[in-house]
Structures are given as C-alpha cells and as structure tokens.
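I am attaching a structure below and will ask some questions about it afterwards.
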Amino acid sequence: MVMETLEQIKARIENAISGAKPEIIPNESPSAQRSLLLDPAHAVEVAKFLRDDSQLRLDYCSNVTGVDWLDLIIKEKVKVKKVVEGVEKEVEEPVERKRPGYLEAVYHLYSMALKHGPLIIRLRTENRADKNHVPSLTPVWRGAEFQEREIYDLYGIIFDGHPDLRRILMWEGFADHPMRKDYVEPDDYEYEPTPHDEVLEKTKQHHSPEPKP
Amino acid sequence: MIIGEFFRGLFLMIWRVATDQPEAKADLLAVFPPSARPVISAVLTVSPIIGIFATLFALTTLLERKGLGRIQNRLGPNRVGPFGILQPVADGLKMLTKEDIIPRSADALVHFLAPVVLAVPTILAFAVLPYGRNLVPVDMDAGILFFFAVGASTELAIFMAGWSSRNKYSLLGAMRAIAQMISYEIPLIISSVSVIMIAGSLSPVEIIAQQGRYLAGGFVPHWFVLTPWGLAGFIMFLIASLAESNRSPFDIPEAESELIAGHLTEYSGFKYALFFMAEYFGMFAVSGLAVTLFLGGWHAPFEFLEIVPSYVWFFAKLMGLVCLFIWVRGTVPRLRVDQLLNFAWKFMLPLSLLNLVVAAVWHFTAAWEFPGAGLGRWLLGAVMIGVPYVWLGRALSGSKKITQRTYRFAD
Amino acid sequence: MLGEGIIKGMVETARNFVGSYSDPERLTTVEYPEDKIPAKENARNFPFLVYDGDDAARGLRCVACQICEKECPPKCIYIVKSKDKKPDYIGKPQFYPAVFDIDVSVCMSCQICVEVCPFEAIKMDTEFELSNPDRFGGLLQDKHRLAKSNEYYHKIHETEAAEVDARLAAEKAKAEAKARADAEAKAAAAAKAATAAATPKPAPNPTTVAPAK
Amino acid sequence: MFMETAIDTPESKYEILPKTLSNGEMDGELLEVAMGPQHPSTHGVFRMDVVLDGEKVVKLKPVFGYLHRNHEKIAENTTYLASMPYTDRLDYLCSMTNNWAYALSVEKLAGLQPPERAEYIRIITGELTRLVNHTCLVGFLLQDMGALGTPLMYAFREREMILDLFESLSGSRMMCNYMRFGGCRVDLPAGWLEQAKRAVDSYSGFLDEFEKLLTENEILVARTQGIGVLPPDLAVNASITGPMLRASGVNYDIRKVDKYGIYDRFEFRVPLGDHGDVYDRYMIRLLEMRESVKILNQALRDIPAGPIVDPKAKLRGFRPKVGEAYGRIEGPKGELGFYLISDGTPNPYRYRVRPPSLINLTVLEDMCLGQDVADVVIILGSVDIVLGEVDR
C-alpha cells in the first residue's frame, strides 16, 4: 500500500494539532527519503496522531537513532544588489553564516497494519551542551525504549518522559558520549602494544619497554 | 610357612570367587590370629568392592563420553591412549592436580564435609547387594531397608554442599535437590514394595533366590520384570532412580544451562571428583538394586547359561542399565522443577500405589486353574495398570492445555 | 500417549548411534593433524606479497603505493616507501616497499587489500598454521616472510592466478607494443632528422630519446 | 487491529525494586541473582539482573555492553567499503545477510542497481544464511533446555555443509565479506550450484529427522507451551521483528512487504503462530526453514548467467552524494537495517545499525515475569540473540 506524500501528511498534522509546525527536510540522494522535522513541544502529540490516524497507522517504530551535527560555518554566495560604478547590479558576495550545532534524534516509522512506510521524523535539540532535551517517544512506541537509551548513552540527548533513562552500552559512571563527533578517546593504560602505531607510543607512557635479554 | 599358607589362602580365595564357590575367605582368614580376623575379613570384602566400582566408574565415564559422542555423530575422546582408553586416567590426573578452591565466605568445614558425607553412604549401599551366587558382602535380613535408609542420607550431603558454598546458584540447586529427591524416594520405595510383597522378604539374597527358577524348558526366566506389576514397577523404579541419581532428564539440581552447576558450582579439584564419583556410585548402586529386584540378580537369562560365572551376569545387567541411562541422557531435554514434582506426586505415586494392588491381585490369582489362566492373569494385570497409565498421562499433560498445534500460513 | 514422543526420539538417537559407525555422511569429523580437508580454491587466511621470477627482492610486484595501507579496515599494514626506484615487470621504474609489515594478530582476513591493489601484488594465503609463542614479534610478518613466488600463488589459487597472469601479460604486451611503437616513431623521427641533417640545420638533441631499460 | 490496544508503557514497572522493605528491613524473601555475564546460557556476555521469589521471577533487567566496541564509530572513521568486513562481525552467525543489508543501504544511498545474477546469488546466500541461523537457534534452544548437545550437534552437522558452501564461494566460513555495493565480489565457482543443490535437497531430510527427534517430545512440549507468551499488540508496539513477531501471529515479513532484491519472483509462504509462546517460536523457525528450502530450490533452478557487479560501482574512491538512506532486510533474527548519512566524503557521516537482537530484547522482562528461572533461560534462547549484534 502506498503512503500519502509527505506534503499531505504535513498538512494533515497541521490541521489536527494546532501549533505543530512540521518542516520537510529534503534529501538529494537517490534514496529520496525525505523526513519531517517536528518541534519538540508537540512531538508526542504528533507521534500519537501518526500512530493512531486511520490512514497512517504507523504502529511500528523501526529505527531510532541519533546524529550529531557540529557547529558549522556555511559559506554561501548571496546575490546582493549593489551599486557598482554607478550602475545597480546583482553581485554574488560570499557570506559566512554560523549554524550552531545540535543533536538530532531520527525515527523511522512503518505501519505493520497497512504495510507501508517509512515515514522519517526528526527531533532536534537546541544545542549540543546544556539544552539537549527532547521529549521521549517511548510512551508512544515501546520499541524506542532501548534505542533512546542508546542515544542518551552515546550522544547525550536527554529524553524527557523516558521511563528508564540509564546508560545501556557504556558502564554507569562513564562521563562522556562516545558517538559525538568531537569525542576524544581517553588515554587507556590497558593498551596492548602494537607495532608501528600511535598505540605503541601511548603504551610507552604506561609500560616500560620490556628488557631485552 | 605362614607365607606359604597366606598365598595358598589368597589363591583359594580368588579361585573360589571366580568359580562361585562359598566361603571364599575361610582359608585365608585361618592364617591370621582369631582376634584380627573380623578386621581382615572386612578389608578383604571392602577393598575389592571399592576397587571394582572405582574401575567401573572410570570405564563408565569413558563409555558415556564415547556413547554420547556416537549418538551425537562425534567420535568422542580418542586422543589419550589407543581409542582414548586412557582418557579417565587423564581426567583423574587433571582433577587431582587442580587447585582446591574454597570461597572466602563459604562455611569451610561444611564445605569440606559435604563430599565426604556424600561418598560414605553411596559406598555403604554396595554392602547389601548380592554380586554373585555366593558373593554378598553383608547378608542382611532387612537389606533393602538398609539400602534405602543409607541412600536417603545423600540428600543431606547435597544440601550441605549447596548451603555451605554461599552461592545463590548452589542454594537454588540444593533446594531443588531436596524437593526432587524426597519426592522420588517415595515412588522408588513403593515400586520396590511390590517385589517385597510378592517375595515376602526384605533380604536381597532371598529375593534373588525367588527369581532363580526357569519356565518353558529353561528359556523363560522367572524374573519379576516379566510380570505386569513387575514390568510397571521396573519402569517406575528406573524413572525414579534416574531422579535419585540426578541423571538427565532429571538433572535439575545441577541444571548446567540454568544454575551453572547447581550445588557443585563452588567445588573444584578433588572434592568435585568425589561428588562426581559419588553420583556415579549412586547410579551403580541403584541400578544394582534394580537388577536385584526385577532382573533376577545374578541369574543367567537362560538356564543353560548358568555355567557362566554369576557375577558376570550381574555386572552385564548393571552395565546394560547404565547404557540405558546414557541413551536417555543423550535424547531428552530437562524437565522443569515444578513439572518434575507434578510428575512425581500426580503420576508416579498413584501409579505405584496402584501397582501394589496389581501385585496383590497377581498374588491371589495364583490359584487360578482354568485353561489360559496364566495369560488371563497377565492380561488382567496389564489392563489394571495400563488403563490408569493412559488416563493419568492424559490428565497430566492435559492439565495445561498442551496440544498438537497447527500453523497458519500467509502468502 | 505419554512417553510416545520420548520413545520416538530415542529411536532417532539410536539410529544416529548406529549410523555414526556405518554412514560416513553422519560422522563428519576429520581428525585434524593427521587428516586435513584440502583447502578450497577461494580460501583465504592472511595476505602475502607476490614476486615474479626467482629473486624475492627484485621481483616483488608491490610498488609501495600504500592504497592497501589506507583501505585496510583494522589498519594492520605498515609500509615505508623506498627512496630509489626499481624496474617493475614491464620495465617501468617504480618505487618498492622498503618496509612492508603485516601484523597478523590484527589482520581480520577480509581480503580488501587484495581487491583494492591495482598491481596484483598482494594476495591471500591459505596457510593457517601460524601459531607462535611470541605474541607480538612472532605475529608481525615482514617483507621477507610475506614474499612468496608466483608459482606458489598458482599452486593455491589456480584459476585466479591464471586470470591475473593473463591480465598482466596483456598489460605487458600492450606496454611493449606501445614502447615499440614509440621506438619506431622515434626511429622514424631520427631517420627524418638524419635526412634533414644533410641540409645545414642544427642537429637534434640526442638526449630526448627516452631511456629504455 | 493493533491500534486500539496499543500500550502506553506503565511507568511503575521500571522502578528498581527496593532492596529493603518499606519499614527499612532487608527483605529476606527475595533473592537477587545476576545471571551472567559468565553464565552458560546467556549466549555470550549478557547479564540479566533477576530478582527471584523462590524460583519465580519478579523482576528482570537486561544489562548490555560487555561486548561493546562502538562499531558505529569505527565505521564512521573508515571508508564505506572498509565497513563491510566489520558488518560480518555484528551477527557472526549470519554474515551474508549483514553484508546484504549494508550493501542494500549503500546502494540506496548511491543509486546503484545490482545485476540480475547478483540478486539471485544474494537470495541464495541469504536464504542459506537463514537456514544456518535457524538451525543453530533450535540447537541452542534445546541445549538451553538441557538436551545435552545432541540436537545441537545434529544442527552443527548440517550447518557444516552450508559453511563449506560459503567457504568455497567467499573464502571464509563465517566472516564471508562477500557482497559489494552494486553486486557481489566474485562469481560462483565451478560446480558450486550443484553442490548447493545437494545440500539443499538433503536439508528437508534433516528437518524431518530433527522434528522426529524432539518436536513431539513430551518434555519439550511441556517445557515450551504456554511459556513466555508475547501478545501481538505488545509485539508490534515494542518493535519486535522476525520470527518472534510472526510467532505472535502478526503477518509482517519484509521479504513480502518491501520485496527487496527480487523476492517478488519467488513463491513462498509466511508461517504464523497463534500463541506467541516459546513453542511457537521454535516451530515458526522450523517452518521457515522449510520455506527457505522452497525459495532456494526456485533460485537455484532459475539463476541466469551474466555480470555480477553494477558497472557504475567503484571500488576505490567511492563517494556517494550528500544525503541519507535507510535500507532494511528481513534478517534471520528480524529487521536488520542500516541508516547512512553521507556528507560527500569517502567516510559515512553517520552509520547506524538497527540491531534486531537488541530491540527484540525489549520485551524480555514482560515475557519472563512470573516464570521460573528455568524458563528465563529458554525464553532468552527463543528470542535468538547474538551478542555481537546486541552490543555492537
């Protein structure tokens, strides 16, 4: 069965939930899997709508994952009208724009009842440091439980309303979030020396080289 | 002079044992002063038993590993010695050289005592089994009673092991063991009571003597297993003895895949070997009793085969039962503990009680004189035990709505 | 009836017990050090370097391009490029690896180095009895241990080696043909120049002729 | 059908049980046991923190991460191609399907189309992998039930034939690393198809033998029927996939839904269970193996000649356009998906594995509550996990 287009879904969400402003994120690659960006305030409501609506019935939350977008300086050429040598002309000028980094949670939804999909929805945090909260969709789809825990563990997004938000793959007491793009591996005294490697150099700091007979 | 007498006595003893003659030890004991004779006599009896069963234990571990290997389409151990014959030696050496670990929080004394307390009664149980025509270590009037009394004390040892280890798996294993062994003691004893009723004696020697006749020109032995109550009793005795000796499918106290090794979790080295040995000794003892009670003890299956020394038959039957145990072990999955108890109390116990009635009917119909009376008795007994078997079996499996299922297919 | 299924199962195990003595299909065990399963043609274990001819130092096909080093997923290859050049199988001067180490304790036998190598220089070995008491040094294979002859390659991967040889021969033929054509063109040019030399003109510079080795 | 009963997760269930009673005393009635990470039947280094009342489970918390190696991070720091051998090590029993899922996702991202012969080879190897996985699973499940390795050994005997096929095709028995973006690495060697036909033909016989050995066994039936029941609405809501979902009666097979590859050309059926207990999960796998044999027979009959790699595919210097793609297949354990974001460089910007083993464990506690310790082991066995994939 074919699902409605993303534009139709967007329009229906806007109709059904007042204040929700889903935004379509384009995808230029051959897969053409576009996605809907939801605003965190209405995310749970929208999710419930997507799950319960009789034409969508996206009852199956297949994949939940995090993405880390670092601060980015976007260089664009903007057409500016300028008076050059007395004549008004359109001139391209390079403009540098700073896009603040954010963390993103991506949900791939399918329908088991109607056998269609995927609908991809995204939630974004405000920044990568302190404002890293998004609402949890685990109350809507139980299948997101472990995956949201994993995102919390590896990316550090805090899911408000998650019933059991603990680290899942790293151990309790681990401080950092290893999947972030700016994660630096800690120096580990357990390195095994391997030849010709930066590991070898690191090892030397912890182990004295074996005495040669 | 005395040395000559000693060797003569020793030779005569071996000769007499080998040829089923009575009073095997008499000449050898005459060498010693009368005050020392009881002790020497005991040593002469006990040491071969322990030696033979220890060897049998080694052989059985090899047989089990080889047999299971073949059942599972493997070769089994074949690296130590020709065809892997020396594998038990290697296993033993490995066990003895392993570090003996006592967990820090364990109750060290009880932890040490448990394997000892287990080993002693299992060896004691060998005392009352008749191994051959004149080979019975202690000819006790209440031998069967002694056997069960001694056998019951192994439960204490297993609980000691589980409790003293201070390990949760051990404790769970010990609790399971107690529940299981107490439950199965009852059908085990009741199924042997029918034999005692018919034989009218608690003495193993007397029970074997009653099975020593042959019918149909010496080709049908008068073993109790060939009667309807005897067959049912034998099967129930076997099932209960599987449970008593913690063998698959009743290896619930050990339950490798659930409780690591149950009460054995914290044992290593020699103590573990003792447990292992005691388990096999228990299996030998209980199979030996099954042979005694139902399979005619040391009697040959056909009259003309009585020329073969009697102990050969005893051990052949014993090993036959052990092989059956191995075969079962290679086939079935393990029961769950509540199902095991249900099986004991709701199936085995009523059926074994009923078996007593069948035995009684058998006894009182012995006087039937009309033509075909033998067959009639047999069929009556078979129906009396067979119908409740089917009925109880259905009730047991139907209680949880266990059914044959069919499956849907979607295109 | 209770017990039926168990009896059926026991019949089945008995059949297997007997079958393991009579049916070789059932008893599939191969007793390893005495009997060995012949290696499959595609089998792969660890990489080795192919050399042509008899001399491992001279005939090594590797030109130290370091593609395999970059593509290796676990980064087990370590290459140091030589300072000087040696002629390759066509006769073109090429670099060669001054150091070529593979740490087989890290290698995961994925064959990606073989696939990405444009020079057919690295191939997969089928030798697997490499156990060694020295955990680090013993499993670090250097250039001399890795070098194996083209004949050996033919022995372990017959079809593949034949294809490789055909391809290399074609390339060589092409290169030779090109060299010959070049030489002929040059000879023609030289002849032309010689005829031209009769006329008073400056003689062509002889150093422009490509040095052919 | 499922919507009306979709479950809002009750929060109270996730409270960590108090170690002390409300009056501050230690509760002597409950026994806390950490099953694993060193335990014979947790299928690897997996831990379940179990609270027992006698032998009944009152709480169970799965603990993961003992085998965590940050597979996704490794993949983001290396090229697209170099991640392929790492996918072998996710679910190390089914490297072919892992390869396939990853190749499929990259093909979606880069717009590649494998030629027909490659699609057939993928179906053949993928279904052989399903046979391997399900065979191992039923063997392990019965091992967990205490059948002392006999079914496991029979299962391994059959698996050996398929591993031999994989070895002669890809060079390795388990870590195949066989598929490539836009096709497969090498063509089938001479005689491979005949060998595969022989192996597939003998498989039905093995399945018959296996079923005779155990399916009717009273102990197995008593141990598994009615144990670890998973209701269909919960299964859907908790994103359970694969044979486990179908054992609960939900008809969802990605081979049928997405028709990825060329699955629409083959005739096969999807077995469905009605009870969702351990017995159904066991039987569904046995029935699925029979369906796989059907697919294999058709594929081995119809495979055409031709090239095996899309000519557009590049081995070196592969840089997909900026964008993202999620590709998924019906792996033997459930939906195996790969989510990739490309930023135009040779390395993926984001590489994500949707591990069926991990997500199927979401309902482990729901299935185990109120059951015995002995049941926990077989319920876990029937979920079919491989820790290489759970922890990644």
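By letter and in written order, the chains are A, B, C and D; residue numbering begins at 1 in each of them.
Assume a residue touches a chain if its C-beta (ideal position, glycine included) is under 8 Å from a C-beta of that chain, and two chains touch if they have at least 3 such contacts.
Keep in mind it's a predicted model, so treat the numbers as computed, not measured.
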Q | Chain at the geometric heart of the assembly (C-alpha centres) | A | D
Q: Tell me, please, which chain's centre (mean of its C-alpha atoms) is farthest from the centre of subunit C?
A: B
Q | Distance from the mean Cα position of subunit B to that of subunit A, given in whole angstrom | A | 66
Q | Rounded Å distance between subunit B and subunit D, as computed from the means of their C-alpha atoms | A | 44
Q: State, to the nearest whole Å, the distance from the C-alpha centre of subunit A to the C-alpha centre of subunit D.
A: 26
Q | Computed distance of Cα centres, subunit D from subunit C, in Å | A | 35
Q. Which residues of subunit A are in contact with two or more other chains?
A. none
Q. Do you know which subunit C residues sit against two or more other chains?
A. 2-3, 6, 9, 12-13, 16, 26, 28
Q. Which subunit D residues touch at least two other chains?
A. 150, 154, 157, 213-214, 217-221
Q. Once bound in the complex, which stretches of subunit C touch subunit B?
A. 1-3, 6, 9-10, 12-14, 16-17, 19-21, 26-29, 31
Q: Going by the contact rule at the top, pick out the subunit B residues touching subunit C in the complex.
A: 67, 70-75, 78, 327-328, 330-332, 389-390, 392-394, 396-397
Q: In the complex, go through subunit D and note every residue touching subunit B.
A: 31-33, 39-41, 52, 55, 142-150, 153-154, 157, 213-214, 217-223, 225-226, 249, 251, 253, 256, 269-275, 279-280, 283-284, 287, 372-377
Q.
Quick check: in the complex, which residue numbers of subunit C touch subunit D?
A. 2-6, 8-9, 12-13, 16, 26, 28, 40-44, 67, 71-73, 108-112, 115-116, 118, 124, 159
Q | Contact footprint of subunit D on subunit A as seen in their complex | A | 27-31, 33, 51-52, 57, 59-63, 65, 67, 106, 108, 112-113, 115, 118, 120, 138-147, 154, 163-164, 167-171, 178-179, 183
